[in-house]
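Chain lettering (A, B and C) follows the sequence in which the chains are written, and residue indices restart at 1 in each chain.
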Amino acid sequence: MTDLGATIQRDAEGRLRHLITLEGLTREEITAILDLAQFYVRPPGELPARDQSLAGHTVANLFFEPSTRTRVSFEIAAQRLGAEVVNLDMQTSSRVKGETVLDTIYTLQAMHADILVMRDAEPGLPAYVAQHVAPHVCILNAGEAHLSHPTQGLLDALTIRQMKGDLTKVSVLIAGDIAHSRVARSAWQVLSTLGVKEIRIAAPDDYLMPKPREFPGAIRETDIDRAIQGVDVVMALRIQRERMSSAQIPDESAYHDQFGITMERLRKARPDAIVMHPGPMNRDVEIASNVADGSQSVIQRQVANGVAVRMAVLATISRNVQARRQFQ
Amino acid sequence: MTDLGATIQRDAEGRLRHLITLEGLTREEITAILDLAQFYVRPPGELPARDQSLAGHTVANLFFEPSTRTRVSFEIAAQRLGAEVVNLDMQTSSRVKGETVLDTIYTLQAMHADILVMRDAEPGLPAYVAQHVAPHVCILNAGEAHLSHPTQGLLDALTIRQMKGDLTKVSVLIAGDIAHSRVARSAWQVLSTLGVKEIRIAAPDDYLMPKPREFPGAIRETDIDRAIQGVDVVMALRIQRERMSSAQIPDESAYHDQFGITMERLRKARPDAIVMHPGPMNRDVEIASNVADGSQSVIQRQVANGVAVRMAVLATISRNVQARRQFQ
Amino acid sequence: MTDLGATIQRDAEGRLRHLITLEGLTREEITAILDLAQFYVRPPGELPARDQSLAGHTVANLFFEPSTRTRVSFEIAAQRLGAEVVNLDMQTSSRVKGETVLDTIYTLQAMHADILVMRDAEPGLPAYVAQHVAPHVCILNAGEAHLSHPTQGLLDALTIRQMKGDLTKVSVLIAGDIAHSRVARSAWQVLSTLGVKEIRIAAPDDYLMPKPREFPGAIRETDIDRAIQGVDVVMALRIQRERMSSAQIPDESAYHDQFGITMERLRKARPDAIVMHPGPMNRDVEIASNVADGSQSVIQRQVANGVAVRMAVLATISRNVQARRQFQ
């Protein structure tokens, strides 16, 4: 699988200029971002980390697909780096007047909004836009169709690293609707690059299982009880109701019985296994409520790491732009 | 009437940690908040008061029931104390994806959004949430069903104190749909605690009058012309059209004739009586337009005091959290 | 044509207090605003200009008619001058509760939001509101019906001045739906005052052509090919579909054939002519896509100048308020 975004997101010197996909990032690049993110992590109850890495910069959130969690996470991350933030609800924006997306981007670029955070339900927009913006403008992909959600992948990797240390000894299960999940794809990319010991992907049937050429090297399972055996990390994915009917699973309760991460199933994983979920959860569908709130759950830690990772990505991308500027 | 919020909102040392209800606040506590609010008051035309009491803190506005006025008032108050503010329109948020409210709260908490301002049309949410958040997270009730609107009660008390001085000599009439009014309940709580001389509640019929066990000590009237006689303060409440029909009042005009605060009626109050309204007003329904804009109206002063009171509450709560942190 | 706004927008000493219309502004006043705006212009890729001209001030955006571009432009301009900004979506605000616009304004004013940026599809609101606000409150018109869009006129003038220098030697064509265009009216006002050599207005038929008493001194054309001959500046206006049918133009394609700014037509202008559009564009309707993206297009420069002009207007108005305050 080659990916246009992987090429597009680098400048002539090979530095990261956008973040569109985790494909093609080296272990060193990922580790540097995770290290910086770790620097921004603070325990609950302490004041959050803040600096002025983005002072004078304007970050625009363009969410063509609504997402309060991710939008707020980016907004908070940018504010804590001293940036000015504007939110554009692209559902109700000038798109209704028929303006093309590219004209909206050019407008923001002309206003010196130099970091554009985008989410879209369709594939291709971030890479397309990245090909057209001025050299000093950065595109951050905040979720693209079923393809890519790079900051989610990074926050998942950071969370596993915090809990498990050496990733080369870790066995990870990603369970649920893998076929339609950008979370699964980005997690697979980052964990593969970091040399995780084993990745298992489990989906209840063919419709929810990705094509054979995808996720090379991953172990494929349809039986969740077998898939979960002995893993260190269980990552449950959100399932959408309309997908269940396509997958011929009658309802949420049937999905939970057949494939939900329950306490009983979790006991088949390693005793110190952690449970992750990208949120928002369907409680007692893909994950039992007592698992989500249980001692092995690191779901809130993922959210906290999300802000730290977004700060690290924003600071890294912005530093790379400044480095480029100095040699012009 | 005992109130779960009154217990929940205090920490182990008895300090205010949340603000869910005015029930149970002592005269000293209320006076301290009003004094701090008064410190933040500036005359029209001067620059507003600002400090850095909330620097480094993130305030999240979660409005499950829309309210531009109150949301903006809290947003401005938090900004002027140096906080970062994020707005979540909970009508269009991930709630549509089926996320529980508590998961949204946990998400914000994990993002180090440590002050959560909530409004909801249903009763119980602020106290419920307050029982579940981490020790450093504060819940501020910005309007809860018909039950509680504590910052409104405080701004009403501040306004009366500014205009009338010694509250123990003041007679207050609250007029309108008392039964369904959180404004009336919070006003009654704060004014009772401050030892106001007399509170009269007036509603045009039984449907709009609260149950007998509520508002103990208040004088009850159904005739507005008798109720208004000789009072120092007239507080008109907003009436909603659907309530009028339930109350068998045919329309807005009939309500105005029967119960509206008109110039003619206002003359029966004390000559220096002040007129208040929590806004937004139905002009010429519960209050005559010339009364709202007249020399006895302090309605805009209430709005100005609203920002000052919210600054005082934010600063107080935040200071209490910091005090607790130092002894951990 | 006399305009209430032209009188209302000045204080007793004749200083600009609001910006409601460009009518009545002197050449000196306009030049001073453009000079300050030019001071705020930065090349693409450089950090935007910032100062603290509006520190301590609160700017409220009240958009009764939605406009993401203009709202974001004002929001960014205010932020870069150190102001606090609140956005009120007046479609979903307390207007639904029946609050009058004036009560909303009084509420914001009481909260010390002292600069109110307003857009409305109906005529008259900015001048009406300006007559009622307190002396320290400023109203900025961000688009009013077909009548006035003063910051757009100023940014158009700044763009022409940057590209052409001496305006007295410049011939400007405004082409399209002049009758319903606030952009055309504000451009005509500012360019007339600055002594532009010639203004031509071109509309495809009577319905889109303004009344004879409007645009005095402008040359009127219905044939775009004749109108464009030898001009230095071509300003294309947005056309709305419903206007085309009223103008008996069957569809967008017919409009483009009959009146669109195409490469072929642009060749009839001066070789160094510039092409402008207020945005958002209907590509290949009123302007050919290759013209919009071509070397003669200054459309993105207009957007960049928009932020600079809004910063200049905000700073000027705020300085005038402070000057007035010192002599009270």
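FYI, a residue touches a chain if its C-beta (ideal position, glycine included) is under 8 Å from a C-beta of that chain, and two chains touch if they have at least 3 such contacts.
Since we're looking at a predicted model, the values are computed, not measured.
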Interface overlap for chain A and chain C, more than half of numbers shared or less than half: same or different?
-> different
Rounded to the nearest 5 degrees, the rotation mapping the CA atoms of chain A onto those of chain B is 120
Here the gap between chain A and chain C, centre to centre from mean Cα coordinates and rounded to Å, is 41
Which parts of chain A, given as residue numbers and ranges, touch two or more other chains?
-> none
What part of chain B is in contact with chain C in the complex they form?
-> 42, 44-45, 47-48, 50, 66-69, 72-73, 75-76, 79-80, 279-283, 300-304, 306-307
In the complex of these two chains, what residues of chain C are touching chain B?
-> 56-58, 60, 84, 86, 88-89, 92-94, 96-100, 103-104, 106-113, 134-136, 325
